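So the structure is just underneath, and the comments pick up after that.
Which chain is which? They are A, B, C and D, in the order written, and residues in each are numbered from 1.
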Amino acid sequence: MSSFLPIEALAPQLALAAGVVAALLAGMLKERPRGLLRAVAVSALLAAALLAGASLPSAHPPLLRLDRIGLCWQELFCLGALPLAVLMEEDEIPVALLFGSVLGMGLLAAAGSFLTLFLGLELMSLPAYLLVSRGRREEEAREAGLKYFFAGSTAGALFLLGMTLYYAASRSLALAPASGPLAQAGLALMGAAALFKIGAVPLHFWLPDAYEAADPEVAGFLSTSMKAAGVLLLMRLAELAPSSALARVLPAFGVMTMLAGAFLALRQQRLQRLLAYSSISHAGFMILGVGAWAAQGATGAGAAAVYYYLIAYLFMSNGAFAFLKTSGLSTRAQLRGYAQREPRLAALLAALLLSLGGVPPTAGFLAKLLILWETVRCGLYGAALAGALAALVSLGYYLALIRDAYFEPAAGQPPPAALRRHSSGERLVLLACAIPSALLGFFPWLAGGLAGVLSGL
Amino acid sequence: MAIPGGVPLLLLPALAVLLAPVLALLFGFFILRPAAPRRTHLPILLSCAVVAACAVLIVSRVYLFGEGFDIPVAHWMVAGAWSVSFGLRVDGLSSVMLAMVAVVGGLIHLWACEYMAHDEGFSRFFLAFHLFFLSMIGLVLSNSYVELYLFWELTGLSSYLLIGHWYHKASARRAAFQAFMTNRIGDLGFFLALLILLRVFGDTRFLTLFRSLKAGAVGDPEAVTLAGWLLFWAACGKSAQFPLYFWLPDAMEGPTPVSALMHAATMVTAGIFLLVRSWPLIGGIPGLPAAIAAVGAFTALFAGVLAGTRRDLKRILAYSTVSHLGIMAFAIGLSQPACAIFHLVTHGFFKAALFLCAGNIAHALGQPSADLDQVGGLRKTMPLTFLCFALAAFSLAGIWPFAGFYSKDAILDAALAAGGWRALCGLLIGAVSAFYIFRMLFLTFFGPSPRQKGPAHFHEPGALGTVPVLFLSLGALSVGWLHNGFSTMLSRSGVPALPELSSRVTLLGSAAALAGVLLAYVLALGLPKWDWEWRERRPRLERWLAQDLGVKPAVAACAAFVRRLAGILGQGWDKNIWDRWFIEGWPPAALGLGELGQELAGGGLNDYLWWMAVAVAALLYGALRL
Amino acid sequence: MTALIYSTTILLFFLGLAAVVLRRQLLAMLLGLELMVSAVNVSLVYLAGLFSDAQALAAVLIIIAVAAAEAVVGLTLIIDLREQGREADCSALRELKG
Amino acid sequence: MSLSALWLLPAAAALLAACCGRQARAVALGAAAATLGMSLMPAWAGLDSLSRLSYAGPAWFYGIRYSVAVDGLSLPLLWLTAFLTLIVILFSWRGRFSSGYWAAFLALEAALMGVFLMRDLFFFYLFWEAALIPMFFIIGLWGSANRRHAAVKFFLFTFAGSVLMLLGFLVIVTQHHLATGVWTWDMELLKSPRPGGALGLASFLALVVGFGVKVPLVPLHTWLPDAHTEAPVGGSVMLAGVMLKMGVYGFLRVAIPFFPELCWRLLPWLGGVAAVGVIYGALCAMAQQDLKRLVAYSSVAHLGFCLLGIFSRTQEGLAGGSLQLLNHGLTTGALFLLVGALYERGHKRGLSDFGGLAGRAPWLTFFFGVSIFASIGLPGLNGFVGEFMSLAGMMVRLPVLALAGVIGVTLAAAYALPAFSAVFLAEPGEGSVSAMISDLSALEALTLAALVLPMLAIGLHPGPLLALLRSGVGGLAL
């Protein structure tokens, strides 16, 4: 039994599966204590994260292969899902969907063959479509869910086609390097699916609609864990053939995504949609990071820059979306004069926005610096300049938000959603996201530690 | 005689001369001004006395025993090998100047006590006045160009404060700013000369500079030539030579003691002092002395003619000062710096006397300055002022045995020796000077012409008002007799001695002066209404003369040009073009681009998938091609 | 023989893709999706036979299962949309844009 | 470790002040005074032993190391920062400001102290950028009418320059690694093998632009008038008094040591831009009708002198240029305090809005007069020493630039004195608020005296300060 289904390799996934079962059972109880589901969700995610941290790299052909990068990314997925687990309303269906999605990501991380990759990809996407369509604003949530579904499924199908072409060239489903036009075409198609998941321009059109219609915390989960899974998929593909056409085209995609994301966000009036485009711009940095990583031979330690970027982005993005949920604001006009009403929350928002903008001493600054550093190391000076321009333009609208919150006088009545009392969970999540993103830039040793971990000390 | 440790005894009075005014100023500003503003002048008068005493002591020791020293006192700016330091230099030239400044300054301080008695800015006036006194002393005693520049600028500052003393008057404010700016334009040259000298010689102390000049160890001769010309430009700015002279007549807006001390006796002579002090540098530069002579002569004649046509008493004296500064520059141009300094001293006495007399006349009328229409026949009601004015006038015209005769004829002698246009100018200047001063004398003190009000309500000023004037006019009479002493004093500081006066020169000079007196007599007393009639007959000529033959509009045009240039640059270009388009143009462009992008995201599912297909196709194409 | 199989799968796949991209009704697009997946399955089965690789066959089975799950999710979303009384049509999905 | 306390104390005090509402002002005063005290301590420990105070932490990540040190150049700038912060806090003591105001100033002080302390490019850049955040909020929250636009423009403009500078740093560090195989961000170690050729030139130009925006060099200066005009009193004093110095400090600490021969080869261009800045600033100042904009443009001219001195790379030029940094801090700080006092009383900044203040507010007139004459370089006051030595230095290298500098000196009087006479001497026109202008309070007069006295002291006896500065920047001389 153990030879085919290695328990210790899939420990985190099993924990999540147990979570799904527990959630559904808890759901069936009539008078269950308040917060039970939330406790189940958080404990299952923490268990999965700890198990992933504890397990050692090992290979279980043909389906699984656990390496340092895979395990670290699994921790990332669980951490990314935590805020959603805390902020979700007391309903067992979304909790189960969340576990399903994180389980799929775990599979993707532990994949040893294309089959598991595809399985993980689909398993993480399907619950996501449903999570998006369960948004509070019924009308838009349905529409966004459908758009996300059709775009996602098309990408899945493209991935399949790519898989078969690659299979034709490499004669086996294992993640082994292969050469020849068929392999290149296969990689390109699979790369397109990965780029779709990350939200690279021009495959990004679904992303703003999905993030805008979904609940803010779900959008937070999508922007952090889902994007990290997309980045991991891209890294796995780039790892197969570091000098392949896909790897060489990545910096160009990165630059395009950075700049388009930044410029498109400038005119947005709805806050969630603005954050969606900003996440596209950050995705551009990640793609550029992966491109630079691949150009330098895809070594383990090299992935520290991308990994740190994902960690920093996890705190920033989850924090920003958690703020939107806590404050109940939806458009920039409502944000005017918010600092007078809620000075403490506005301070946290300012810290998060400055971090997203990449202003020292925030985590976002160090993240952008590491990516630009990697780009300069592999000689892509043009891309570095584009990165600087994108950072500048994105800072433009982050500052505009801070200006609205702090400098503008309050215009009219605050929206009804903003008047309710903030629950302690919301405040906890906000603090847990804002503090690290405001100060992590000051401690470069964190990035150093990660490099050590990733290169498998 | 030196104190042990090689420090000459003379250093003590020299330091006292500088410290006394400083202490008086500090005491006056911090204690008396808040507590008893009406008493501010007491410590200042005391310091004037101390300075006068020390000055006399220094002059006598330098004259009798030929003592002198050049000692660095303290470091100022140090940067490794490069350094600039404060120091004191007492020699023939500086002690003569110090004596003249101390005596004339002291007397005018006394005179100002009464003149400014009931002015509400009494303490402010005396503090600024004494600051000028201090800076003039410092200027005279400094031993390097940079230190000289420090006091040079301080005189500029005090002239700004004093001309603008009655700052509620718009004309006074404008005159003050004009004076300061013109001096600054002159100082532009001085600043550059300093930089050049520092670059070439590494040090601006006169001692080391002139020693290496004499030894011919000059690294960069063209630079030294340029420095010489720039120093001349600075002197033009401060000593009101053409074209930078126009600020001096307007400087009459200030109170009379200011005009008397600063804009007649001492401050404006700083430029001449600078040229004489740097004579070893200037003398060696080919063509520069000739230029100085030309500019000096032209200024003398130009200002002399204008002085002859003015109506306001103080304006006439102002143009006369410009003219006499031109004469001094003319003397320097004739390679006779000693004559220039000698004339500077004699001019200091008789011009101060003239100004104080004019001040007394105006004071009697209760106005800041009197006009020829308001005076006439004053010899009956103000005999003492008439006496002093006459003595000073004779001295100015250069009539024997007055002081002016000795200094002006020394210059005339040099001019005749040089021959050619210089001789002609020398004579002409003598005649013109005599003409305008006697015209003023006759019109003011003799038979009131029908157009004048007459001597009705004029009265002699109090004791403080007349005693200093008397002293000054006696000085104007007697100073000339010391010319031998002068030449020995100046020869001690490396300046060539005064030439001996030949009888031919005296005859010619006196003839020229008498011609001027006769012309003034005819025009002022012979035809009493002439002075007023020609103005009615030729108003255009009158206006042209009033604008200094076109110089004033030219200056106004330059100022307007600079202001317009600033406007174009500051508002037009910087704010409306560069900032609005090139800097603040980027955000709207980015917003526009963002707007364009938004149109693409139309919201239709098919469009999304269409774009997806396009991207995939591009990727596939890239993969197969690369 | 391989060329024939490749061309049929590519043809089928791009027919499905065309259905998804061009058709307006959501159900037709869903069918397009299924068509794409089945096209891939065809080529995968053939290649498994060619390389006599049992894993690929197992993969085909799993892919079929996943495609079924996908169809279920798609249908639930479309039914949800219909319950709201909105046309199951792309043009109905226009609110979110900009 | 004591040097790190110089920026840790204000940072901690900023957090404390942000939390406690009413006592924030007292916390701010205490922290500012303590910081000034601590910054003066190295002076008593003897100037030659400054190097002993440096501290370098472990190299954590690819050569990034927390290392602080102080030398002849940083120490005076630390004094200036601490001194001006204390002055600003004292000056706005009576204003009813929220706790955020005091916290922002302390945070600003912490960041600025950090900039002058850090010897590691990463932390240097980190503090360099972090200083933008408090200033952004100071301008935006407590500024005057058009503050929002000015705050955002200030932040974005400077950020653009700094991002370019960051790319320059990255290129330098990477090239250093390629040449020596060693990862380091330390300013001393990065000096040896410099990136040559086109890449070297590109990174040097990136540094020049990054520092040039802050200095400001003329084409990159248009954020300055807006930011100065809209900032509150304390904000414009800190902005003009210290933040402009970061640019020149950057040149002295990073740009010139890293590219000495490039800096020498491009001397005509760099010096030319500085000289143009001097004349351009003076001419623009002449055209202004708003007092604060006038002082802002005068800052552009003054810092042009600093650069002229520094780029000349002569002993006297370097010493004069860095001394001019401190002089400008004092004179412009005093001028902005005075203009702020006028604005607080009359809520107007136009030249024609006042008039006849000499009679009404004698102490205000006296301090304004001294500061104006110091800023136009009257010998005997501090402005002249800095300008004279800078131009003496540049005369040795490029006389034509020294000529431009001297023309700038002359133009300085042309814009300063008319402003002085319009505000203080002229008769109050209609619509003038002179009636509401009362004289300075004792506290304000004390703070201004604390600024004016050093002007006279440096003007007459700059010796010791020059020696200290030369020990810091002397090494750059050629």
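Some notes on this structure:
What we mean here is this: contacts are C-beta pairs under 8 Å (C-beta built on N, C-alpha and C of every residue); 3 or more make two chains touch, one makes a residue touch a chain.
Quick caveat, the model's predicted, so the values are computed rather than measured.
Distances from each chain's CA mean to the overall CA mean are smallest for chain D.
Work out the mean CA point of chain B and of chain D, and you get 37 Å between them. For this pair, chain C with chain D, the centres built from the Cα atoms lie 65 Å apart. The mean-CA centres of chain B and chain C are about 98 angstrom from one another, to the nearest whole unit. Inter-chain spacing, taken between the CA centroids of chain A and chain D, is 42 Å. With touch defined as above, residues shared between interfaces to two or more other chains in chain D number as follows: 156.
In chain C, the residues touching two or more other chains are 17, 20, 29, 93, 95-98. Shared interface positions of chain B, defined as residues touching 2 or more other chains, are 587, 598, 601, 603, 605, 609.
Two chains count as a pair here when they touch; such pairs are A-B, A-C, A-D, B-C, B-D. Of all residues in chain C, those touching chain A in their complex are 6, 9, 13, 16-17, 20, 26, 29, 33, 36-37, 39-40, 43-44, 47, 51, 53, 55-56, 58-59, 62-63, 66, 69-70, 73-74, 76-78, 80-81, 84, 86, 92-93, 95-98. Across the complex, chain B meets chain A through its residues 587, 590-591, 593-595, 597-598, 601, 603, 605, 607-609, 611-612, 614-616, 619-620, 622-626. Those residues of chain B that touch chain D in the shared complex are 74-82, 146, 149-150, 153-154, 157, 160, 164, 167-168, 170, 173, 176-177, 180-181, 184-185, 187-188, 191-192, 194-196, 198-199, 562-563, 565-567, 569-571, 574, 578-579, 583-584, 587. Chain C meets chain B in the complex at residues 17, 20-22, 24, 29, 90-91, 93-98. Chain D contributes residues 60-62, 64, 122, 125-130, 132-133, 136-137, 140-141, 147-148, 151-152, 155-156, 159-160, 163-164, 166-167, 170-171, 173-174, 202 to its touches with chain A in the complex.
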